[in-house]
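One structure is given below, encoded as structure tokens.
Here the chain labels run A, B, C, D and E in written order, and each chain numbers its own residues starting at 1.
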Amino acid sequence: MFLKRLLSNDMPRSRLLALLLVVLFIALAFAPFIFPGVKALSVAAKVLVFVVLVASFDLLLGYTGIVSFAHTMFFGIGAYGIAISASRLGPNWGAVLLGLVASLAISLVLSFAIGLFSLRVRAIFFAMITLAVASAFQTLASQLSDFTGGEDGLTFKLPELISPSFEFSEEPFLGVSLDGRLLCYYLLFVAAVVLVLALLRIVHSPFGRVLQAIRENEFRAEAIGYRVVVYRTTAAVLSALFATLAGAMLAIWLRYNGPDTSLSFEIMIDVLLIVVIGGMGTIYGAAVGAVLFVVAQSYLQDLLRVGSEAASGLPWLAALLSPDRWLLWLGVLFVLSVYYFPTGIVGKLRARAAR
Amino acid sequence: MLETLDLTIRFGGHVAVNGVSCAFAPGTLTAIVGPNGAGKTTYFNLISGQLKASAGTVSLDGQLLSGLSPSARTHAGLGRAFQLTNLFPNLTVLENVRLAVQATREGAHRRGLNLWSIWSDHKGLTERADQILSDVALKSREHATVASLPHGDQRKLEVALLMALEPKVFMFDEPTAGMNAAEAPVILDLIRKLKQDKTKTILLVEHKMDVVRELADRIIVLHNGTLVADGEPAEVIASPVVQEAYLGIAKEAA
Amino acid sequence: MSTNLLTLEAVQTHIGAYHILHGVDLAVPRGQLTMLLGRNGAGKTTTLRTIMGLWHASQGRVRFGDKDITALQTPQIAGLGIAYVPENMGIFSDLTVKENMLLAARGAKNAGQIDDTRLKWIFKLFPAVEKFWNHPAGKLSGGQKQMLAVSRAIVEPRELLLIDEPSKGLAPVMINNMIDAFAELKASGVTILLVEQNINFAQRLGDTVAVMDNGRVVHSGSMAAFSADAQLQQSLLGLAL
Amino acid sequence: MKFDFDWKPLLLAPILALVALPLTGSFSTWLTLTVAGLAMGMIIFIIASGLTLVFGLMDVLNFGHGVFIALGAFVASSVLGLMGDWTGSGELWRNLVAVFPAMLVAMAVAGAVGLAFERFIVRPVYGQHLKQILITMGGMIIGEELIKVIWGPAQIPLPLPEALRGSLFVADAAISKYRLLAVAVGVVVFGLLAWTLGRTKIGLLIRAGVQDREMVESLGYRIGRLFVGVFVVGSALAGLGGVMWGLFQQNLVPQMGAQVNVLIFIVIIIGGLGSTGGALIGALLVGLMTNYIGFLLPTLTQFASIFLMVAVLLWRPQGVYPVANR
Amino acid sequence: QSSEIRIAHIYSKTGPLEAYGKQTQTGFTMGLDYATGGTMMVNGKKLVVIEKDDQGKPDLGKSLLAAAYSDDKAALAVGPTASGVALAMLPVAEEYKKILIVEPAVADSITGDKWNKYIFRTGRNSSQDAISNAVAIDKAGVTVATLAQDNAFGRDGVKAFGTALKKAKLVHEEYLPPATTDFTAGAQRLIDKLKDQPGRKIIWIVWAGAGNPFKIVDLDLKRYGIEIATGGNILPAMAAYKNLPGMEGAAYYYFGIPKNPVNEAMVAAHYKQFKAPPDFFTAGGFSAAMAVVTALKKTGGDTGTNKLISTMEGMSFDTPKGKMTFRKEDHQAMQSMYHFKIKADPAFAWGVPELVHEIKPEEMDIPIKNKR
């Protein structure tokens, strides 16, 4: 019952999905102990960041039906907020907090403006405009190099407590050294869980339902008494704020930020793909999709290496399977996932359970 | 009392509604008839705010509605159903109605601006929606998605959404068009029941003259955007303009 | 040459996972007007769409003249001389009335090449089509769109017309015009299959009648006989005509 | 009803040029910039022309369009590489004899790949924008990687044929010869496109098919084939654009398609969906604007086309000549 | 003591700089082979190279380096291709207290204010590039304007170049967005600035990556007697130089220029393997390998970081470019640059740089920008 409320009455509605979610939750919760190594932990942390980022985008895309390419802009703002403030004010919690608050404020204003603009033009136009705005913002971030470190980005330090150099116990626990990096991971983990549950609650609130109505038929939603401007703008702002928080998580984990890291169009496309693979309009889809995609992306090259060695007898196949051509396979993954998961993994699992 | 004063709209050179002044009192059902393209739907659009008038005003119980958004007019007490079906296609029938119930009611869900409560917990909404679906004989399909409904059932749902708004003014735009003769009575009964209430203002655009004759307290006739006749049903139907331009029988009779 | 221009034999149609038509048998006699009646959801629209190849029958067959068209693609079916007016009218709202008509006139390269006498005839039946010739069709009133939809189907001669509820939203005078139009078309040898809820319309025009319920044709026969049998009407349609 | 032509957008480019005249200071500088900008606009128009069909008319948000541009350029580099004698000669006619087959082969290859692209990538997602974005991005990535597999990841030089190098001089203003060729090609492309879409039913059928495919089929048209055909033509035009763009840049990188993606989308949006004339105006405006801003306020150059787009959309939210209403 | 020495090479196997990364990798492998006489052994220990692909992404580079030091137990690392990636990596080396030899990322700040003591660089830095160019064209009576990318690479380069010019006059700095495709506007501004100047007039171009600024010669700069100068570049980019015979500048490397056994060996090996000459970054990778092996030989195979640092500070080693020396202060390898003049030779697809003068490290005053 408690769980049901925690999940805002949105039960997985498929035994397989429930199992999958539990497994993912446990895997992420104990990642440092189950998957040792620096790389594995980085992947797990990236998963956490992406779960939040993708879920926040789903609020906009899946629930409100707004296609925006400017989502990474807010992600970037969050990351730059932490990065700039920590590199200017030094490694203390005040700086982190200030960066967070300032970037949330900037995102609020910008997303508000964009949200209002979204009503003036048609949907595809809006999508293309956000694409242009996002690329302009990326250019701007590169140009303001005194502030943002330009294309090289900013490397900075964070408070001791969550830095790798901090060790709160000499003794490794279950073979894992208890240091600041571990603490930082759990900070991210808690943040991700709280933010995702919050998003889940929002989409299942009366507000969330109105968003769906607007997505389905904006004209009629207005006619039955919902002020579309207000809802759309609120949704745009909320999703931007969550994306900003995801950006802050990223910066805290990496202790680095630059335009390619948080603003690139590639990330935007990854986010879109994850929403679609996972299942649009289901926050769970964001979680499942993010895990699958980030893990696949991170280990694709390793996988290909194995593949191309196996195929070394056939030179042309080996050339195609070469780890250097991992993007080729990523592209294939894009195409296949649109082919085979038209309603996303969550949609598919739920449809199967409903039968 | 719903009033329009000199209501006019032009599309380029075409005057679709031309200086229509009319008042509609609670407790009456006014039928609006006129040839295709006379401006009936456009007149509705001007009243409910889907179109902005080029000139003239709309007011309800003394409150000026001109300039308000459609949603604000809905909150002021106007409600309408559409001529061409206009629903939330991928939501279920029940969700469609529940959204409409929520839209105008005050309560914990505060018209949908509540971000933090759980929608399915609002039992009151569901109960009311269920009741409306029973009224329009759609209860058995409440979990079907709208897109899979046959045309006739979509028309019924269209009416159900209007009912759910519980407005002061009901505007029906050909509510039974495309509905089977056996099904139409369900809707007509609902309209009759509204009439009995005596406090509701009802506007009905309808081409089926038998329906109009039976239900209307008053008929107004639009022709080329202009109000050309207004009065008792029998009297209006008998008038030459209706006979000729609308029913197309005057000439033959002559 | 058979007397039936169109025949459906035990046609079953599925839409996704739903089984909608459970074996429809229907014969449309050449040169006559056949009314297809039935309650909401009986499967009338689905039947017309199956004939047009917009859904495909999973079993049974559809024959047009002597040709089996069950598995043909929609453009091929249309190319045989069948015009279709869908329930939702299928207006291209982005295009003007003229452009809508031009697309329906397959032989014409531009509006000037549309058969003039036929166009005049249409203009007379439905003056709105002429009046709004250069307007975007999406801006037409509901009834005007319906007129345009029917006009498109008759802008060029066709052997068979499939028409889904053409009278909905039309003013009485327009319904009269449409009845006249169909009568003229029939007189010129065109075969018509009409889905209609307007009983008046049905009685004035129909030669034969088929009644559907729950994905099957449950009655077929002559319109005259059907009109005379109030009990049959009551049991099939839930009301007497 | 009288057909009244909407002439206002035609004035945009002249107005822009006039506003720039006093700002640039010297007449010859202004002339150089204006002519270069217009010619640049023509090149942009050529690379965007395929997209007016694919995105503007067919409503396919093809993020992979750029890959056909890159493909055209790389194919041209191989073809021109085989014809070294002809490109190396200083005679114009010999150079053109080399360039034309390169264009044709590039268009043929891009068109053929377009055929496969339509079949395997685009066909399942007609009408679904979101999926189009993703699946065509996937196609784009695959295409770009295959280009790397075939031509290698390094940049490839694509030198201009001898006679097309250098400039002509008009009143102290330099006009590079290659840009004149681009103007000529652009005019031909524009003429053919405008004629086909304006004088035949094809444009209408595509727009109708986008709105209601079933209805167009019910009227007896094989919309599927038409869509394939138009997509192929769109891809072939992108291939041609790639040849022009590649020769303009004089070196090719596999990412070159992705680099122009945003630019060409901007041009189509400014022009209004589906409008060839609009796209031409949009391209000319972008060409002029980047040159003027580049001269006057170089730091803002990268934002110039975006400013332009926002300004145009505030004036006409559908673009200057919307044909398709979406 | 294990019998292996693991070296991580992190570079752009994929991403925008893939072509550069490939060259570095080739050079690095050839260099190790050459330096160990084909045995891949130093003092009885096997050299094992772990290659990682940073995809040109700083965040990825950062985590790969950490993984290399910790999961893969690499003793030291070499790379990366892009400066942005390098800058993000620097703190990781410090955190793990392991050496990172930067090659070929060029940003000054790598051995400048972002430096830490674990960082060495075999590649040239922007200042070396710019100052050598200044040395090449710095003559009395010359007027210079610059055309550069509007980013750290371009601005730092111009700044170093400007300070190093002693006799020539710098009249204008033109910065254009890195994504520029149409150079007309910028060229017009340069022409306006230069055309009325007396004497020799030169536009010095610093440009890397896509975009082709040399197209500005199409505007017929000769009308105003304006010349173009620029640094060296990879061979495909030097195709554009073919139209500019007589152009002068200073290059980091061109396979035909240095005359020493190491270069001869590399060119021969490269021709043998690829039927093509080695390029810019091949030389860089080779140099890095030489540095690694030289250092390890000196420590006797000891990979202790402090030992390595003290060995490498001030260490000289042979490279295809002749002798390089890690200077103590900022661990930047001091190296020769080559003043060249372009000749159009039909036998080559690119403009061939002919040596005018080898600019020895002593001739260049490369500032030390870090704080120890």
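One rule holds for everything that comes next: a residue touches a chain if its C-beta (ideal position, glycine included) is under 8 Å from a C-beta of that chain, and two chains touch if they have at least 3 such contacts.
For reference, the UniProt names are A = Leucine/isoleucine/valine transporter permease subunit; B = Arginine transport ATP-binding protein ArtM.
Only a predicted model underlies this, so the values are computations on that prediction, with no experimental measurement involved.
Undergrad: Any chance you could name the chains that touch chain B and chain D both?
TA: A, C
Undergrad: If you walk from chain to touching chain, how few steps can bring you from chain A to chain D?
TA: 1
Undergrad: Pick the pair with more C-beta contacts: A-E or B-C?
TA: B-C
Undergrad: Measuring centre to centre with C-alpha atoms, which chain is farthest from chain A?
TA: C
Undergrad: Could you grab the centroid distance between chain D and chain E? Build each centroid from C-alpha atoms only and quote it in angstrom.
TA: 37
Undergrad: With centres defined as the mean C-alpha position, give me the chain B-chain C separation in Å.
TA: Roughly 29 Å, centre to centre.
Undergrad: On a C-alpha centroid basis, what's the spacing between chain A and chain B, in Å?
TA: Each chain reduced to its C-alpha mean, chain A and chain B end up 45 Å apart.
Undergrad: Of all the residues in chain E, which ones touch at least 2 other chains?
TA: Counting only residues that touch two or more other chains, chain E contributes 18, 150, 177.
Undergrad: Residues of chain B touching 2+ other chains?
TA: If we look for residues of chain B contacting two or more partner chains, we find none.
Undergrad: Going by the touch rule set out above, which residues of chain A reach two or more other chains?
TA: Each of 139, 143, 325, 327 in chain A touches at least two other chains.
Undergrad: Can you name every pair of chains that touch?
TA: The set of touching chain pairs is A-B, A-D, A-E, B-C, C-D, D-E.
Undergrad: Under the stated contact criterion, what part of chain C meets chain B in this complex?
TA: The contact residues of chain C facing chain B are 15, 18, 38-41, 45, 87, 128, 139-144, 146-147, 165, 168-174, 176-177, 197, 199, 237-239.
Undergrad: Hey, which residues of chain D end up touching chain E in the complex?
TA: Touch residues, chain D against chain E: 26, 29, 32-33, 36-37, 40, 148, 152-157, 159, 165-167, 169, 174, 176, 178, 248-251, 253, 255-256, 259, 287, 290-295, 298-299, 301-302.
Undergrad: Can you tell me which positions in chain E touch chain A when the two form their complex?
TA: 13-14, 18, 53, 56-59, 62-64, 66-67, 70-71, 83-84, 87-88, 90-91, 95, 107, 109, 114, 150-152, 177
Undergrad: For the complex, give me every residue of chain D touching chain C.
TA: Chain D residues touching chain C: 1, 3, 199-201, 204-205, 207-208, 211-212, 214-223, 324-326.
Undergrad: Note which residues of chain D are touching chain A in the complex, please.
TA: 61, 120-121, 124-125, 129-131, 133-135, 137-146, 148-149, 262, 265-266, 269, 299, 302-303, 305-306, 309-310, 313, 317-319, 326
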